[in-house]
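Each of the next two complexes has chain A plus one more chain, namely chain B in the first and chain C in the second.
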Partner chain A sequence: MVNSNTYKQYFNIWLLLMFLTVITVGAAQFDFGSLNIPIAMLIASIKAGVVALHFMHLKYEDGMTWIFATYPIFLLFLLIAFSATDIFTRVVN
Partner chain B sequence: MSQSHSFDKSYLEDGTGFKSWFFTHDHKRLGVMYLWAIGIFFILAAIASFLIRFEHLTPGQTIVDAQTYNVLFTLHGAVMVFLFIVPGVAASFGNFLIPLMIGARDVIFPKLNLYSFWVYCAGAIIFLIALAAPADTGWTFYTPYSIDTGANVILVTFGVFVLGFSSILTGINFIVSIHKLRAPGLTWDRLPLFCWAAYATSLLQVLATPVVGITLLLLIGERYFGLGFFDPAKGGDPVLFQHFFWFYSHPAVYIMILPAMGIISEVIPVFSRKPIFGYKAIAYSSLAIALISFLVWGHHMFVSGQSKLINIIFSVITFAVAVPTAIKVFNWLWTMYKGSIELSAAMLYSLAFIFLFTIGGLTGLFLGALAADVHLHDTYFVVAHMHYVMIGGTVFGLFSAIHFWYPKMWGKMFDEFKAKIAFVLIFIGFNIVFFPQFILGTLGMPRRYFNYSPEFATLHQISTYGTWILGIGFIIMLYALLRPISNKAEANPYKSASLEWAMPSPPPTLNFEKIPTLTASTYDYGTKLEQEA
Partner chain C sequence: MPFMKFVKSLALPSEMLPPIIEEESHFDPETEHSAAKLGMWLFLATELLLFGGLFAAYAIFRAKYPEMFLEGSASLDVVLGTVNTVILIFSSYTVAIAVSAIQENRIRLVKWMLWITIICAAIFAVNKYFEYSYKISNGITPGTDIFYSIYYAATGVHMLHVFIGMAVLGVLLKKVNEGRYHKGNFTAIEIGGLYWHLVDLIWIYLFPLLYLA
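Right, the complex of A and B next:
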């Protein structure tokens, strides 16, 4: 499976990740106010996604593997959604 | 290990000495070692509980001071949960049975399996070291107390963190094994229900455990470096700890109970001589439990100051999680209907499971009802509920398994009569210990209190006397199991149709000389399994 072609592809992915890192650092130089965290998270998520797809071969896997790989993201969403619902609807006296 | 060698010797005879066990890749040996390990920790934590109950024989101080009492209940809870019941049935019987039941020679990653066991041992050693400077927070490690207390919280939480890896790796091993190693003809709709339950358990282990790991790391960071995640003064929130903790720990209660449910689904049909009723309903309800159990954690936090809206949401969903559980109970009952029931020791434990677990589950619904929980939260009612599900459910299920697969595991037979006497004492003792605690709770006796007002004395005393009956029952059970009456067990003494009984007792190291081909469900009693090359 591993031939010079895939090495080349890995190298390109690596370049892309480096480029995104530069963007992360660059974006940190500006103050976007409340958007600071979402922007940083967005870039980080793209990076993680690229790593999962290419370095972890998710791109070449079947549906079952995709379900296993994405379900935890849904759970993370639940964890945040329910906790946030509590925190933002709490009445503090 | 030469091929021919591994089929004429049983796994117990194939190598002796420490090294042949501690470095084994054999899923059966690992299962047996887990069984011993959880057994030892069960006894250790049970001793702590007997001391706790003895302390409550009279109001005020009876045998230990208040701080020691706090340490004792923390020790009891933490050891029981993290070293006994969470690894518990899955690691011991899961390891022993899954490859046998799916017609494989081992789990898919045998070395990883050994590694999980070592990690479990490492976690256990950290726990034992922590005994020198024990925590006093209860097994739940709630902030802010766990941050402020002078007792040593870090070592125990670090131990839980380490144990988590063992849980995750075992889970991955089982999931992949069940996907990849099923024998020809063993389709998903023929998969034994114990394997379905272990599969659902493994999903929970893999998906939920990382969260508690990270949470406890945060707690450690909070204590060492004052990070502030859970500290309002720094913009943090102590209730957030409870959210994270229960996001794991509610699914964890199903990690505890699902494998036991799997055992009941195997034992009931054998001793009723009837195919399991509602196979699909039982199988899918395990999956349903694995999915829904992630949505109800907030029912542990109704009086934490959590918002009203989220309280209502969690309360409603909690009622939903009881549905798949009830489905299983109805199907077990229906399996027995008009069956030819044989009250063996294993069957008695399974029947008691259904009875006690139903009480535990129903009282869980009382607690899930918002208005009732405001009164009952943090009282002995909760203590009674959790013990009805965890002892009445999981431990009775485990005992059922220990008796049922005893001939297969050890190649010996125990004395049914002694085992039944033990069962009667354990069943009665258990109810005497915990039923009064429901009443204590409704009367307002808080949990984790060293002292109590005199009007609670009688019920507390009854509960303490119960532990003595229970203790005698345990000892007789151990005696019956450790002193077998015959050193020769048939391959299939209970005439079960499941694959693990289609080989000698105890099984040879590599299980199947020829991988079997299944042509029928393993619950079709009367149909012979066909074994082909």
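Right, the complex of A and C next:
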């Protein structure tokens, strides 16, 4: 798994993450209205994906690890979606 | 004694007995390694859901009180937040190097990388300390409004993880110094590294949500 290219790869990944951080801060200077949060979350998710795949070696892991790594994202989606549905559809507060 | 002959014939010859297992938990080191990693990923899943409650609270209150969140996040120091983001991402990079270096027996490199990671974590903590004390001295506390309540809760729980991560990395560094880890035994460094990456992952989301909203 480790070879002479590994460290060079890590360096490139780090550069990519720095570039994405600049984009994160840069994009926040503009007002996209209701798209502000989706854009910020999209960039953050790309960064998180890069960290997971390359720094946490998810790209070398087996299917079982992938399930463990991705199902909490689904649970998190359920938690936020159902809480929001509850809060914003209440007729009586 | 035909009866004794019969009893003896019931006993299994030694080569048919199950082997005596000397390893404590697993049959072979490779299984143990992947099982430990899988366990760590499961633990990270529970960690994500621990922060999940805070993310859910953020989503709902932000939708309910958008002005409060815009005003609150505008009062946070974007420069300090960006510096801390850069520091955490760099420390993730150094931990990744340490995890690979131990698999090549490059012990000196591992020690350097663990040291740099711990120092990055300490700088992050110092920045956060200045940030908190500046806010509190201006009378902004978790009780000010819901934005600051979520801000202090989320960054506080994250800070706790930074401290635990520093402790984990410190123990790993101590054991590396004692020569306990090498090419054939690096599982602890790998899963300790995974923990540190999670601290980075959470911050990647907290930074835009709190500072740049």
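FYI, the second predicted complex is superposed on the first by the 88 of 93 C-alpha atoms of A that agree within 3 Å, B and C clash if a C-alpha of one lies under 4 Å from a C-alpha of the other, contacts with A are read in each partner's own complex, and residues count from 1 in each chain.
By definition in this document, contacts are C-beta pairs under 8 Å (C-beta built on N, C-alpha and C of every residue); 3 or more make two chains touch, one makes a residue touch a chain.
Here the structure is a predicted model, which means the values were calculated and not measured.
Q: State whether chain B and chain C clash or fit side by side on chain A once the two structures are superposed.
A: Superposition result for chain B and chain C: clash.
Q: According to the stated criteria, A:Tyr71 is in contact with first (chain B), second (chain C), both, or neither; which is it?
A: both
Q: Considering only touches as defined above, state whether A:Met18 meets chain B (first), chain C (second), both or neither.
A: The second partner, chain C, only.
Q: Touching A:Ile43, do we find chain B (first), chain C (second), both, or neither?
A: The second partner, chain C, only.
Q: Touching A:Ile87, do we find chain B (first), chain C (second), both, or neither?
A: Both chain B and chain C are touched by A:Ile87.
Q: Between chain B and chain C, point out the one touching more chain A residues.
A: C
Q: May I ask you to decide whether A:Phe55 touches chain B, chain C, both, or neither, giving the answer as first, second, both or neither?
A: In the superposed model, A:Phe55 contacts chain C only, not chain B.
Q: Given 110-118, 146-154, 164-172 or 182-190, which one is the stretch of chain C whose C-alpha atoms run into chain B?
A: The listed stretch with clashing C-alpha atoms is 146-154.
Q: Share the list of chain A residues that count as touching for chain B in one structure and for chain C in the other.
A: 64, 71-72, 75, 79, 83, 87-88.
Q: Spell out the residues on chain A that touch chain C in their complex, using ranges where they run on.
A: 1-2, 6-7, 10-11, 13-14, 17-18, 21, 24-25, 28, 36-37, 40-41, 43-44, 47-48, 51-52, 54-57, 61-62, 64-65, 68-69, 71-73, 75-76, 79-80, 83-84, 87-88
Q: Can you tell me which positions in chain B touch chain A when the two form their complex?
A: Contacts found on chain B: 179, 207, 211, 237, 239-240, 243-244, 247, 294-295, 297-298, 305-310, 313-314.
Q: Please output the residues of chain A touching chain B within their complex, sorted ascending.
A: Within the complex, chain A touches chain B at residues 64, 71-72, 75, 78-79, 82-83, 85-91.
Q: Mind listing the chain C positions that touch chain A in their complex?
A: 34, 37-38, 41-42, 44-46, 48-49, 52-53, 55-56, 59-60, 62-64, 78, 82, 85-86, 89-90, 92-93, 95-97, 99-100, 103-104, 193-194, 197, 200-201, 204-205, 207-209, 212-213
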